[in-house]
Structures are given as structure tokens and as C-alpha cells.
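One structure coming up, written as C-alpha cells, with questions to follow.
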Amino acid sequence: MQAVPQRRSRVPFESATSAQAGLAARYRAVRRASTALADGLSDEDCALQSMPDASPVKWHLAHTTWFFEVFVLERFAPAYVPAEPRYRVLFNSYYNGIGEQFSRPLRGMLSRPGLDVVRRYRDRVDEALCALLAGASLPDEALALLELGTHHEQQHQELMLTDVKHLFSLNPLAPAYRDRGARRAAPAAPLEWVGFEGCAAGIGHDGSGFAFDNELPRHQQPLMPYELASRPVTNGEYRAFMEDGGYARPELWLSDGWTARGTQGWTHPAYWAARDSAWFEFTLRGLEPLDPARPVTHLSQFEADAYARWAGARLPTEFEWERAAGAAACEGNFAESGALHPEASPALPLAAMYGDVWEWTASAYAPYPRYRPAPGAVGEYNGKFMSNQYVLRGGSCATPRSHIRATYRNFFPSAARWQFSGVRLARDAG
Amino acid sequence: MQAVPQRRSRVPFESATSAQAGLAARYRAVRRASTALADGLSDEDCALQSMPDASPVKWHLAHTTWFFEVFVLERFAPAYVPAEPRYRVLFNSYYNGIGEQFSRPLRGMLSRPGLDVVRRYRDRVDEALCALLAGASLPDEALALLELGTHHEQQHQELMLTDVKHLFSLNPLAPAYRDRGARRAAPAAPLEWVGFEGCAAGIGHDGSGFAFDNELPRHQQPLMPYELASRPVTNGEYRAFMEDGGYARPELWLSDGWTARGTQGWTHPAYWAARDSAWFEFTLRGLEPLDPARPVTHLSQFEADAYARWAGARLPTEFEWERAAGAAACEGNFAESGALHPEASPALPLAAMYGDVWEWTASAYAPYPRYRPAPGAVGEYNGKFMSNQYVLRGGSCATPRSHIRATYRNFFPSAARWQFSGVRLARDAG
Amino acid sequence: MQAVPQRRSRVPFESATSAQAGLAARYRAVRRASTALADGLSDEDCALQSMPDASPVKWHLAHTTWFFEVFVLERFAPAYVPAEPRYRVLFNSYYNGIGEQFSRPLRGMLSRPGLDVVRRYRDRVDEALCALLAGASLPDEALALLELGTHHEQQHQELMLTDVKHLFSLNPLAPAYRDRGARRAAPAAPLEWVGFEGCAAGIGHDGSGFAFDNELPRHQQPLMPYELASRPVTNGEYRAFMEDGGYARPELWLSDGWTARGTQGWTHPAYWAARDSAWFEFTLRGLEPLDPARPVTHLSQFEADAYARWAGARLPTEFEWERAAGAAACEGNFAESGALHPEASPALPLAAMYGDVWEWTASAYAPYPRYRPAPGAVGEYNGKFMSNQYVLRGGSCATPRSHIRATYRNFFPSAARWQFSGVRLARDAG
Amino acid sequence: MQAVPQRRSRVPFESATSAQAGLAARYRAVRRASTALADGLSDEDCALQSMPDASPVKWHLAHTTWFFEVFVLERFAPAYVPAEPRYRVLFNSYYNGIGEQFSRPLRGMLSRPGLDVVRRYRDRVDEALCALLAGASLPDEALALLELGTHHEQQHQELMLTDVKHLFSLNPLAPAYRDRGARRAAPAAPLEWVGFEGCAAGIGHDGSGFAFDNELPRHQQPLMPYELASRPVTNGEYRAFMEDGGYARPELWLSDGWTARGTQGWTHPAYWAARDSAWFEFTLRGLEPLDPARPVTHLSQFEADAYARWAGARLPTEFEWERAAGAAACEGNFAESGALHPEASPALPLAAMYGDVWEWTASAYAPYPRYRPAPGAVGEYNGKFMSNQYVLRGGSCATPRSHIRATYRNFFPSAARWQFSGVRLARDAG
């Protein structure tokens, strides 16, 4: 197994020791954030799995721990004794390079180990890792894997939120994950078009700070002149599409989308519910009246694409998005805000490029030219999924702030609706 | 809604008041037994549903409470206020006469109400019912429904055990529901044949003590001379069938059974597992080496039938079984023994007719001549299931002792294997 | 392989030779009837399979021939050379005792051998068999198997009609199998109730003439007093059930029936179609306006049962039916009439017991006491299907006249609707 | 509906009339080729549908006729009376703009109209169209649609061959579509690597001659230096991958591919069959011993990709392929050769770029920048399928020669194996 240097932040003039200390701080912060997400959830909430795509919160807590145990402790802390040998299979998600995996759709069948046992498992691994980090200078590869592990865990933090939301949405009691705070009532800013010249855009990560292997290598991509909408599409705008027969007009849809719509019975975004002729939306704060000003979310790419066609526009490519995002500050409504739901976009030139909703692009998830997956089992992280998925950009209200950047590539199948996924329109210009 | 007198025990010369007092005692004992079954289970254990046929323990605890709330309190305790109006739908199993039901396969999606809330729900209903029973003399119909409710709850006690067993069987950690006690090591008594003359047998309940409506009316059934095996088939005998190619010889199987075997991949009874060329059996006490002397269990009717054909015998009809059971004392290895697994049968003329394993019969579950379902929603209890199921007799190691009797008819589809179901051979005589 | 004497007609004082000659005549007549059924069908019509339960007409023509080739010629005509060795597998329906079978749902994938080749296959086997029959006296077993083969072929004649009907029903052009003849317009006779005393009825075949093994042995069955309707339920009566919300009232249905209704979307009998607010019925003569006087047909047992419950009646047991049928002449609207659709019943005490529609009974298809399947592979004919099916009696408008009798037991799963299946009501008396 | 000029060949200085005459000649040739493909097939062969992805030959003959009837005659031949109004729905494939469509998976349920009726339908439309073309000068749009129709029909010619192959492959008799001719026995040329410099490649059709709308607009695509294999991968090479455990090593596969392999049970390419420890291949000439020198075919993209990874290479992008193909003459083993199977590649710099096997690329099927679907219902031809499919290039042994060109983009889902799909390796250079 070779080093995976591309995964490692490189800050010039930083000493090895201070890098290790910085990583230790990040490690502790990320780990604490995960357990904080489970606050207010019962043992039962954390044990259930509502669909094969989702996992129990308890599983997320265990699997992210497993990642550090298997990829870091097993290799770089020779004295470490695994908590329980059978966890190697039980909490392996999809790393064939590590070995067998417990069946994914059965993750919700594991009442044992209990949540308390999983918490102790976390503590044990944290102790060992903090001891390791406090000790002698670790090889670059160890630090790279450790840093990768923290970003990996942040991805699972987002999944804990989306998975709990899906689970609670099936419960007729409509439980709230977090108490309703004061809801910011704000109108939607008018939609403006922001123009971009044609150019050969530099796409992909430039090597400063952490990035996943799928953001590399940086390369040139020709772009023709185009325009992007100043903000994501709102609930109100989307409702107009619905009221104009959007779900009943095949000419607006991709063929597979039209079929998915039919077989899955889509007539509105996921989590919308009509009650007494008014629309409500199931949120992590419970069932709320639909706010027309907020960005529409929980759309499949098929719905995003149909909406765009109806609106006389199209989805942006991931390259158009990334080039535009370079100009925007990486700020927005992230998980840390506690809103856990998209907020109405302010009137800014390119509002809400980050946070609020993941923005579907038209781009199939594919390797960048000369992409090389990391060697060893972590090479399964991204590369083997580059098939039949599409790229989303910019993070959502469930994404941790320190996890997102302009070059970040998220990916889901076209029919997925359980992420906080929305749409920003694009169109040709010039 | 008319009275359902056939459901009510009739003990001659008993005064109304002492009957009510006796029922109150039975009520309290049955309710306590249910919560005792959840002892040692975690909140998580009680929340999960391992397949659509099974339900979470928490659901069983709530639904049995719902039964008393809806069928007794709502009608006979006018001042009673339901704990939560939405439970009416949430914990309705299949009573269309009561109204809508929450989707059965989604019972395991309900992390809320939590187990503690369900326990409080039980307490509240118990309090109201005990007050009702301690008060003025209740109408016969109320007492009949209440008694029905206790037998209903005992059925769910058995299901709690079989459902937890199925759940735990999916967990690679093979958890034990109860600690392993000392296992009684005993050889199997030799199989003898017990002969019965031809006759017109009286079949069905004779009216003394409680019975379900499906045990009525009592009627005559002609029987030709036959023999029954002195005890159920053992693991060792069944293994001989397997080793003789039993699962690969279509001539031994019913056509539907042969198909089920293929599509479900049966090569041995449910819960058997081969480890290093030895057979083990997953039990409520964890994984144990297979004991050849114990009755084989977790067979489908198809497997029971194929075994019988291989052994040159057949399944008994439910009438042959009931006629023979009249001669046997209603004693055996029931849930109260704590073994929670079949025990080797002693050398008795008709050993283990009760307890240990439910015995598959050849009889389709059908109404007795002139059967009338109870009026009202409780009439859905039995009648509407008289289609495409087969009768099992005698109770199992998971059945409460006071729940079983010679005329008791259990029923499951031919392919079901998750009950403690076994087989006693029969053959023609004379 | 032993003899199967019960399958062989025994006419007293008949010489072996004249029996053989009689059988030869029957053989020729039956074989001619099969090919006559294909008249008017194109090669394409005969090649298609519209669902796994149905088979192409060409397959029926080949399989019935295969039956004689494998069960008679292979054993009793040593010089016979099979037409094509691969047919042994290709045209084996379900006889594991003969060997492998070509996959049933793929029968419609066989454009080769073509219909002309199959016709030559028939000719070749007919020639060999007629030569055999014209020769020396054959052993009883050969004659029994040959007679069985003719009744087997008559069963397939009925299936050719029901299978072509299903195929044509999927075609928007609604093709007619036979030209519309003059339709007899007749009103329905009023429904009367015919009473029967309680008794110990003799059930099963009495040994004179041919019978299948499942009609044996004859035995006594106790019956309580009951009444049967004088004729089958009509379209008009069934429409009243529909208009009274019959398909939307769970209290009328068996639990499995209610589920089947929902998942299969039943709102009316199979082959009914609403056109401009009038009901039509797809028949073998094409689409025809629904005649309220004719017997309703293409009902599942679940629908028949729900209708009966709605009408305050029930389905008869097969024993009640057989006892009554003993009194009725075996006459009716059979395949030979050319109507190929039920006709309005005349005003007779027990009209249309035979022909018109198969009458669903409440009886699970089970072996009679001491039933023994025929030895050898033909023993698979009936016995292995005695599971999860229900008995129908009396034949239909697609049944050849010489094929039916009072003791004849047909059987299908409760949800099957593609046979000409209807319902005659019964109720308790006395 | 606007004109669709991009679909129309533009030959400079050609007069309108001679263009019309040329098109008439092409029309007649293409139509004749379709019916010639059905020569030697029986009515039954032409009626069957072996899977939802495939269609009966009869349906192809009718649908291609329907295309001309609906898109040309209905609009430009006002006096034309449709053969049968119900064909408008019956033979509509997927054009929502035209209206309803008969269910695709039921195309094989249509024994009527018979093949002879479909042939008359073709004659009737041909007559009307030839009369139209022989008459006054037609508007450009009519000619464009007519030309499109001929290319559309050529696509269906290829499908007739692949669909019949699939149907025949299910038949244990292994019928041959064409008699075996002399098979050219030739060794495989050694695999060489052909290098290409980095450049900004011009991609897409340049406007001379016919092209589909998905080949437009022409645009620049940057390419880094790369190499292409001199010929497709052979059966022998692919067998080495199999023998090296290729189907059992997850590290070689995309995640979705690994899953497809498992659920569909892939252990070798489609149509391979092991007989007595030797490999055979089902071809349109029947079952033949596997020739190691011929290109491997009937691979999914997943298998092609796994093979490439095993070989230390990768799939080319469609841009790399197109740039290389510009240098190669459009010659090869096409449908006209009559071989109907790939032939061993000669030792040429870039052998078999055209014909033999479609070559999977790594490129998701996506619109070129500023792509515009044709207006009206024919706009559904390509655009709505640009989702979850991957591009194949170069045509196959079943493609008509005049149908293919360097810019032609075929597309199928990654798991499709029933086309003549193979693989040419690529790798990075420089």
C-alpha cells in the first residue's frame, strides 16, 4: 500500500508536529459532533433502518469508528487490540479489500450491540487514537488516513440527519428531531441570471487543503458562455410547475424519469403532504406548513431536470457550477446553524451556492482525466461508484461547514430523493 | 353487536361476582406475564421487526393493550379517555370493523412511542380495567370480551418469543434471549405406534371453559382405524432423512413444497447451521449443538409432509389428532418451564402431545359445519383466515400452559417455519 | 411400476378385444377433437403464451402426444423410435419421474418446432398407437394408461380454449376465436332453493367407467341438512353485488381474498370491460354486451365466497355438491355445443349442474381417506397437487361432454380466474 | 412543428428533384432489406418476444412502417387513409407526442394482426410513399423526416437480428437463423498500441450527409495523449481473464457491476455455453465452438470495464474513439457480409473500428454542449434517453453498412449484453 498524499492537507512551513496536533484537534471535534447528533434520540431511534439506502444512527456511529480502527489503528498502533473481532465484518460498509461485509439491508436487524456498547466502542477507539496522536510523529500515510477518516465521519454525520428524517417521516406521529426554533420568515429574493464568459476553466482541486481523490487531478475544461440563476428554485416556483401539470406532461421528462415518476407514484417532492387542501412539509422539526420562499428540496434529478425544462432552462454541468462557485464565499446555512432545513435565499448575486440544498448537475459522475484511485482498500472510497450516478454540488443544511468546498463532488442516482437535494437553473448565453 | 357467549367459560353454580373476580385474577396474571417476557430485552430488542410476518415486542405489548381498550373500555367504561387517539389506527392489527390499520410491514419503523411510553399505556389501561372489574357486575358480553382478550394476549406472548427468536437469528453475534440453564441430556424414547379404532369421533369444544369460535360447533367426524406415533419426530431421525437426499428427491414432496424448497433454498430446518461439519441449532438460549434426541422443530408443513412420505407414513388429520389427544393429560414442556426449546420425549404411550412442538396436521383450516363467527369486529378473529392455511395442534414450548387444550386449532401457511412446528407421524391401520 | 387398474373402465362381460377396439375408437375421436380446436387459429395464435399459468396451443398439441409416446409407446411398443429425443424434456409438463422439464414460463419462447412439425409429430404417434391397438391384445396396464391419456388430452382441450381466450383478451383488436353465431336470448329462471336431508353420503367414484385416482376410494361423508340454489349466480345478480359496494367492503371477504383484490386491482370479474358506461364481456366470440341472464364466470374463489356472504349464503362443500349431482342428469352446455360461453339457465330443479361454469366449492383439495396415488410417474398426475387449492365441480362450456361426471374433482388456487369458474349458492337448512 | 434540417443530408449543388429521386431509391432499398431479413423465419419466429427489451420481428416490420405513416404520410399525403386506426397506438413505440402506446412487454402477445397482414400494411404504405416521392417536389421537412425514417428502419434491422438471436438462444433446439457458411478460420493479429497526441479534438458531425441530432453540434473537446489498442479484445484474451478469476475479484469491478454480476449470475459473456469442458458460443448460425481469435462480444459495459482494469488499461472515452476513427476507413464486417458474427481482426494499425462489435466507451450518454432535440414528436428520438446509459461506437456485424459513421453514437445501459457489444482497450500516454 502506497501513501495517499493527495488526501493530506499541505500547509506550507507547518512542522510535522503542529500538523499532528492540528489533526488531533480536528479529530476530537469531529468525533464529538457525531455523538452530539445523537443527543435527543432514544436508543430505539438509533437502532432502526427505514430503507436499504439508509442506515441506523447506531450503525453510523459504529462504522465511522470502525474506519479508524481498521485503517489507522490496525496498521499504525500495533499494540491495539480490537474491541470485538466480529465488528470487522459487522461494521464494514463496502470495502471488499478489508473482507466480508454484513448485509446492508439487514443493518436494522442488529439490536445488539446496543447503543451503549457502541458508545463504549467509540470511547475505546478514541482513547487509542488520541494516545497515538499524542505520541511520536506519525508517518504521512497515517496522518492522511486519519484526516480522511474525519471527512468520512462528516459525511456520515450528514447521513445520520437524512436517515433519521426518512425514518421519522414514516411515523404517523410525525416526531420532531429538534424542537422548533423561531422560524425566520423571509420572502424569496427575485430570481436573477448571472452571466459567465466562455473559457477554459480550471476544474478540480488545486492541492491546498484536504480533498477526496475524486476531485483530482485538476484539469482544463472548455466552457461556452452561460448563465446561472442567482439562487435555488423555491417551493413556490416548484408548486407552479406542479399546478401547470408538470407531473403529467411526458414531454418535460427524461424517459427514465417519466417511468420512475409512474412506478413510484411521484406527484410532488418527497416529504410534501397535503392536509385539508394546504401543503405541508415534513422537516427535522416536525410537520410544517410549506413556505413558498424556501428552496425546494428532496427532489430527484429527474424532477429537477423536468422542472428546468418546464422553466425554459436546464441543469448546469458540474463544471459550470464549480467555475461559478470559485467566485462565491464558502458560507451558508450548514448543519451548524441548527435550522436543519433550507432557508429563503437572500438577494445576492450568487446566493446559497453553499449550504441549504445540494444542487443537482447534469453531469454523470465520472473520473477526471488521469484519475487514479487511492491504493489499497481506501481506493474503494470513490472510484468504484463512478457509474450510473450524477453529481451534486455545494452541500446542504445538513452538511458540516468544514466539510464542503468548491471542488467537492457528491453523487447519487437520478431517482434519489432522500438527500436535501434541490436545483439551480442554468442556460446558454452569448 | 350481539353477545359472544361461546367465548365465555361456563362453570356451573359459579356466581356472577366470583366469576368476575376470577377473571380479574386471570387478567392480572396474563398482563404480568407479558411484561415479564420483555425482561432482559433492551429497548432496541423490543423495537425491531425482522420480517413482515413478525412484529416488534413493543408492538405486541401495545396491541394487546389496544385490544382491551377498544373492545372493552370503549364500550363498557364510558368515562374512559383513550391514551392517544392515534393509537386506534397505529395498534390495530387487522380489524377492519374497527377501522384503518397502520401498515403491517412498517411496524418496525416506529421508534415512537418508545417502550417506556408503551409501558405507561399498559399501566393506564390496566388501571382502568381493574377498576371496572372491581366495580359493579359487568354484562356477560363484557366478561366474554375480557376473557377473550386474555387468551388473545397469551397468543401474542407466544409470538413475542418466536419473533424475538427470528430477530436474534439474523444477528451474527447470535444473542441469547435467556441464559443457558442446565440442559437436560436425555436419549429419545423409541418410536412406537399407538392404534385407534375406527369410530365417529366427537370433534370440537364441548362448551365447558373457554374456547375460540373456530373450535365450534362440536360435531361428529367419521374416522377409519389409524395409528399415531408415540412421540414427535426427532432431530436425529430428521437428519437421516436429509442424509438420504430428502431435500433433493421430488417424489417425496408436494408440488408447491418442492417449489418453495427451491425458491427459498431449503436444505435443512430453519435455524439449523453447519459449523465445521457439525450441526448447530439457534435457540432462545443462543447457538447450541444439535441434540439428536430432541423433537425436530421449525419445519414447514411441506417438510413435515415430505418427511412423513419418506418414512412410509403420513401427517394425521386434525380429527385423528384431537381424538387421540382426548386421552392424554394436558401436560408438557410449556413456556412456563423456561426451557423455551423442545425437550427429548419420555417413553410414554402418547408423549408430548402438548407442549414442545406444534404438530402439523394434513387438515386445511376450514370452518366446522354450521360455524358462525362471533358478531361484530371480533368476528374477524378467526373466520376470515379460513383459507390457504393448515391446522397445527397441541401447543409448543413457547405456549402458556393455561392457553392450550385438546380442541385448540392453530393455523399457518404451509411454508411457515418460524413457529415451533414439528411433526408426529400417522398411518392407516386395520 | 404396477398396474393402475382404477383408471380403467370396467364394463362387465366385455371381451378384451372389444374393449381394445372401443378404446381405439375413443382414442381417434379425442385426437381428432384436439386438432379441430386449432382450426381457424394461425400458427402465431398457436405459438404464444400469455402468462405462466397458460400454455401455447402448440404446446398442448405436443404435450398430449408426448404423454402417449412416453407412457404407452416407450413401454409397450418396443420398436417405436421417438420422433426427437429432445422432446422428452421439451414437452414434459411436470413429471419428475420421467426426468427434467423445460421451464414452464418459457413455453412461449419455442417458435421451433413449428406447428407443422408438431402436427407431423402427432401423426407419427397416432400411427404407431393405432397400429398397436389394432394388433395383439394389450396388457391391462397399457389399456389403462391409454384410457388415461385420452382423458388427459380432454383436459388439455379445455385448457386450449381458456388459454386462447386469455391470450386474445390481451389484444386490443379483441379477436374472436369463433364467429358469432346466433346468440340465444333467454331470461334467467328465478333462483329457487332445493333442499337436501342430512345423511351419510357416499362420496367418490363407484368403480364403473373411468375415473381419476383422486375420485377414489369411495367413502361415507356425514352431511347436515342443506339447500342448494337451483342454478348458478347470474351476471345481473353479480352486478348487484358490485353496485352494492361488494369490492369495497372487507367484511364480505376472506383475508387473503381482500389482499388479492387489492394487489391485483379486482373491481369486477375477469374479462368484463366497461365501455361508455355499459358492461361488455370478452368471450371466445369477441367482445359482447354483458347479458344479465347468463351465469357469471371467470370468478376467483375469493369473489365467489364474497358474493355468497353478501347474499346471505355460502359456498357448498364438494360433498354437498356431489350428493346433489347424483340426482341430476349429466347434460348441459359443453364444448360440443359450440357456444363456448355459458347460457342462461332454464327453470329446472337443479339446472346447469353440468356444463356452463365450473362451480367453486368451499372444499380444500385433499386426498380422500386411504387415497393412494397411482404407482410410477403417472402418480404425479393428481396427488402432488393436493395443497393450497380448492375443488370445482361440474365442468364448463369448454369441457368435452364425455369427460365429466358427478365425482369429477377439478382444482385451482383460490385466486385463479381464467377458467370458466362460477358459483352456485348453498345454505344450511333444518 | 419546425423543420429538422440537421437530419437532412446536404450535398452541395444537388437539385431538389435529384435529391428526392435519390431518397426514393434509398427508401426502396432499405425497405427491401427489412423484409429480406425475415426470409427464412416462420410466422411463429416473427411473433415471439423473448424479453421486454426485445421486440418481435413482426413488430419491427410494423413499427418502421408506422413511422413513415405517422410522420410522413399523415402530414404530407392528405389523401392517405390509414390502414387501421388502431395501429396508431399498437405500433407506437415511445412517442408520447403522438399519443398512447401499447404496452412494450406485451408486444409478444399480438398474434393478430398476423405476419401476412403486416406485410400488406408495409405494401400499402410503400405504395403511398413511392407515389408521393414520384410526385411534386416535397418540402425539405418531408424529405428530412423520410430520410430519418430510413435510418430509423436500419436501426430496427439490427434489432431484428439481435432480438431473433436472443429468442433462439432460449430454445434448447438451438435453431440457426442462417445456414452455416464456410467459417473463415484466421488467427488473431497481435495486439498493438496506437498512440495519439494530446489536442483539442473536433467532435460531432460536420454537417455533410445525414446525422442524428445527438451527433450535433460539432464542438471542441480537449484530449490528453492516449493510446488505443489496434483491435478489439478476443475471446481467447477474455477467457484468460475468466481463468484468472475475473468474475470473482471485486477489486476489478465497478460497484454496480459487481452487484449485477451477482444478481444475474454472470460467469462468462452472454451466449457462451460450456459443453463437456469445452466452450461454445450461440450464434445466428447455431451453436459453434468458441473461436479464440474472434472478438469477444455480448459483454456488458461492466464486464468490458472489469476486463480493461484486469488488463491494466481502461475503456476509451467516446471522444478518444471518434478522434481515432476519423483516420480509419468506414469499412468492416457489417450485416451485408452475411457472417452475422464477428470475424478475427486483421493485422492493421486500427483494425475493425467499424463493424464486428460495438465498442463500449467510458462516456455517459449526454447531450453535446448546446444540443437541441428536433422539434415535435421526433424530438423524442434521442434526447429523452440521455440518462443512465453509456455510449458505444463503430457498429457491429449486424449493422447495415450505410448506417454507420465516425460520429455515430449508440447507447445502452451498462448491464445490457444482448447487442453485439465488445471492447477495445485504451490507456494514457505521454
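Here the chain labels run A, B, C and D in written order, and each chain numbers its own residues starting at 1.
One rule holds for everything that comes next: contacts are C-beta pairs under 8 Å (C-beta built on N, C-alpha and C of every residue); 3 or more make two chains touch, one makes a residue touch a chain.
Quick caveat: nothing in here was measured; it's all calculated off a predicted structure.
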Farthest CA centroid from chain A: chain C
Chain centres from averaged Cα atoms put chain A and chain C apart, in whole Å, by 60
Cα centroid separation, chain B vs chain C, in Å, comes to 38
Taking each chain's mean CA coordinate, chain C and chain D are separated, in whole Å, by 47
Going by residue number, chain C touches two or more other chains at none
Those chain pairs meeting the touch criterion are A-B, A-D, B-C, C-D
The chain B residues in contact with chain C across the complex are 94, 96-97, 200, 220-222, 224, 250-251, 253-258, 302, 362-364, 366, 369-370, 380, 384-388, 414, 428
Residue set of chain D touching chain C in the complex reads 42-48, 50, 58, 86, 89-90, 102, 106, 108-115, 167-168, 170-173, 175
